[in-house]
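Take this structure first; my questions come after.
The letters A, B and C name the chains in turn, as written, and every chain counts its residues from 1.
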Amino acid sequence: MRVFILCLSLLVVVAACGSRPEASGQAICVAGSTSVQPFAEKLAEVYMELHPEIRIDVQGGGSSAGIYAARQGAAHLGASSRELVPAEKELVEIPIAWDGIAVIVHRDNPLSGLSLTQIRELYQGRIRNWRELGWLDHAVHLITREEGSGTRNAFEELVMGKAEITPAALVQDSNGAVREIVASDRHALGYISVGLVDARVKALEVDGVLPTRENIRSQRYKLVRRFLLVSKLPPGGPCKEFVDFILSARGQSLLEAEGLVGYEE
Amino acid sequence: MTSKGIERLLLVLALSSVGSLALITFFIFWEGLPLILGTGPGDFLFSTHWAPTKGRFGIGAMIVSSVVVTLGALVLGVPLGLACAIVLAEFAPKRLKQVLKPTLELLAGIPSVVYGFLGVLWLVPLIREHLGGPGLSLLAAAVILGIMILPTIISISIDSLSAVPDLYRDGSLALGATRWQTVQRVVLPAARSGIITAIILGMGRAVGETMAVIMVAGNALKLPTSLLDPVRTLTSNIALELGYASGRHREALFATGVVLFVIIMILNLTAAAVTRRR
Amino acid sequence: MRLDPRVSQAVIISALWALTGFTLLILIVIIVNISVEGLPRVSWTFLTQPPHDMGRSGGIFSTVVATAYITFLAIVVATPLGVGTAIYLTEYTRESWLTRIIRFGAECLAGVPSIILGLFGFVLFVLKLGFGWSVLSGGLTLAIMVLPIIIRTSEEAIKAVPEEYRVVCYSLGLSQWQTIAKIVLPSALPGITTGVMLSVGRSLGETAVLLFTAGAALRTPVSLFDSGRTMAVHFYILAREGISLPNAYATAAVLMFSILGINLAAYGLMQRLMRRFS
């Protein structure tokens, strides 16, 4: 069944990529993780300005669909926000960036950090009141992402382990939506991609470590994942040029400007 | 083309809506029913444990939330909508009515995302600050939906009130009743089935609305215990998770669609039955 | 103690007027807010510049194109189907079980929530037929959504054409189809146009359907198979993800005034038509 669904997702990707007017022969199709998508779009936007003869199509579909598409050669590059499983290891993997998951609270929240255990207990519904964390007596408004989201998936793996996230938590379907709520609700707590943290919210230390660039790159900060591009064969032609661009100082600084942490020093 | 040929062609075109409906029904059930049967209909409908990536598919809490949010919307929407309809059909001067009716119908033209957006901007902080809770709540959803169903309720009610013959009114007034007594005892009862239809269709609109609800309801999975609790309705469950879902998870979202579809069809059939009785 | 009926009438009627006023107030507040916050940013450049930086800066050109493209496709598909249905129902048959089924199908289709249509379009057009998230998938799904609107308004418009027109044609020896094509349809054209305009209005404001069938790619769609982000979807993403509040407001203003303008024009057209034939 899984394979069937993957095939369907693949079909979507193929249809999306195959429909390009191939006359120029210069179309690159990137498909996969919706967490990577906005960054890939940004890279594509800039790259296409530099190379007007190239068309780059960025499609969503999720990490698994993207990896599958790359494996079948339906997409030139698959985008993944999770690590490859052993069965997928024959693919060429190109790490493009580190992404930290920041645990965020409202600006007015005096708390500066939480331990990993505290975060887990909060999301399990065991800690429910800010008083238990040494702030005022008010319920914590927990916000999580929807089932199936890559960010939630990573958060569950890195923080929750086997424990389930409490059903009492509010659910929002994008990093941005979580941030908007935390920015407007003094008692809220959420988690988002570090790249999207802005001045209206405060990222907390986790086990005493702030999600700064250095800490993420050194992985001293615990909640870190990699963004990967994968392809069936080592990329060649225009595809290689695009990958080289991403890994170049220019490409990496574009990613850094969007808040990710570049993979290349 | 022969006239018989034209007639056949038109018949084919005429079957397009029925055909679409059949296709929709088929695909939603085809995708969703296996999971309902696999999980067991009792478990699927009554369990409140929804963890689709871990194989738990219970939409009980969402069904309850959908029902409560809809009832809440009716509590606000029906009195407001009926009041508008009665004023426009019975009390407003003709000139004013000609202006007010299309104006109120503009409410239907405002996209649901705009309602949701303004709900988040105004209503949610209001609830959070003055009533407590996270603001994104059952109450917020009910209020926004109450406003969104107004056009449906107003326009159908006006039509049914206007359809009551003036003879009824004249008779009642001639017997010495006041205009309000006439409306209350004669016109409203005569227009009853139309008004019930309006309410049922309004319910359908509220149950089916998605985008505004996703934005203001908070989407938590818990069974609500207070008006200030965040809730997830059937529609928002589908829209929230469809983006990334695969395999059984996606089937479970179609299964949610099956339940929603059945509820809507029951409402539609009831509305049709009420209208026919008239 | 029993109140004087006149006093209670005065109280109740004032209350009804107050509720009507409140409803109007909601509408006015929404329109004024969106205008004040959004309109100052709307300019020719805003409409003709592509969005930059995920919509944080730049205009909304690609979303205008996507909206026009998808809406156009939906109308092109739905109009022949809807008008054909209306002709068949009014000119070619008596009331029978078949017409009842067709009417009932159209009515039910009108009640199907957009999220269900989205699920259906996603599984049939996007996946099964392999159109992907595209203008084509979005347009076809929207066509199904607006079909009932076109059927209903066309039927009313055709029915409103006086019977004498047809009698005169037949007496001049025109065939039934010639009568319809040369006389009935042209006379009903304003009414049919009303239906088309209402459908455009409905399509512009739709989000749930398009999120799952047309996708949300920000590039200007060229081919039918390109994904496209309509204005409503763009507004939803801008507002919900907090990308840019000013641009969200400006997009909402463009969206809302397009829809309100189209709806008002449609209403005016319908009134004119009704007056002409009555």
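Here is the rule we go by: a contact is a pair of C-beta atoms (placed from the backbone, for glycine too) under 8 Å apart; a residue touches a chain by one contact, two chains touch by 3 or more.
Keep in mind it's a predicted model, so treat the numbers as computed, not measured.
Think of each touching pair as a link: the shortest run of links from chain A to chain C has 1 of them. Two chain pairs, B-C and A-B, are compared here, and B-C has more C-beta pairs in contact (counted per touch definition above). Compared with chain B, the chain whose C-alpha mean position is the greatest distance off is A.
If you average the Cα atoms of chain A and of chain B, the two centres end up 36 Å apart. Separating the CA-averaged centres of chain B and chain C is a span of 18 Å. Annotation for chain C: residues touching 2 or more other chains are 240.
Looking at chain B, one finds that residues 120, 239 touch two or more other chains. Of all residues in chain A, those that touch two or more other chains are 60, 180.
Those residues of chain B whose C-beta lies close enough to touch chain C in the complex are 1, 3, 6-7, 9-11, 13-18, 20-21, 23-24, 27-28, 31, 79-81, 83-84, 86-88, 91, 100, 102-114, 117-118, 120, 147, 150, 177-181, 201, 204, 207-211, 215, 235, 238-239, 242, 253-254, 257, 260-261, 264-265, 267-268, 271-272. Taken in their complex, chain C has these residues touching chain A: 52-54, 126-127, 130-134, 215, 217-218, 223-227, 240-243. Chain contact summary for the complex, chain A toward chain B: residues 1-2, 5-6, 9, 34, 60, 62, 64-65, 139, 141, 146-150, 164, 166-173, 180-181, 184-185, 187-188. Chain B meets chain A in the complex at residues 48-54, 61, 120, 124-125, 128, 133-136, 214, 218-222, 230, 232, 239-241, 243-250.
By the touch criterion given at the top, residues 8, 11-16, 19-21, 38, 41-42, 45, 58-60, 174-177, 179-180, 183 of chain A touch chain C in their complex.
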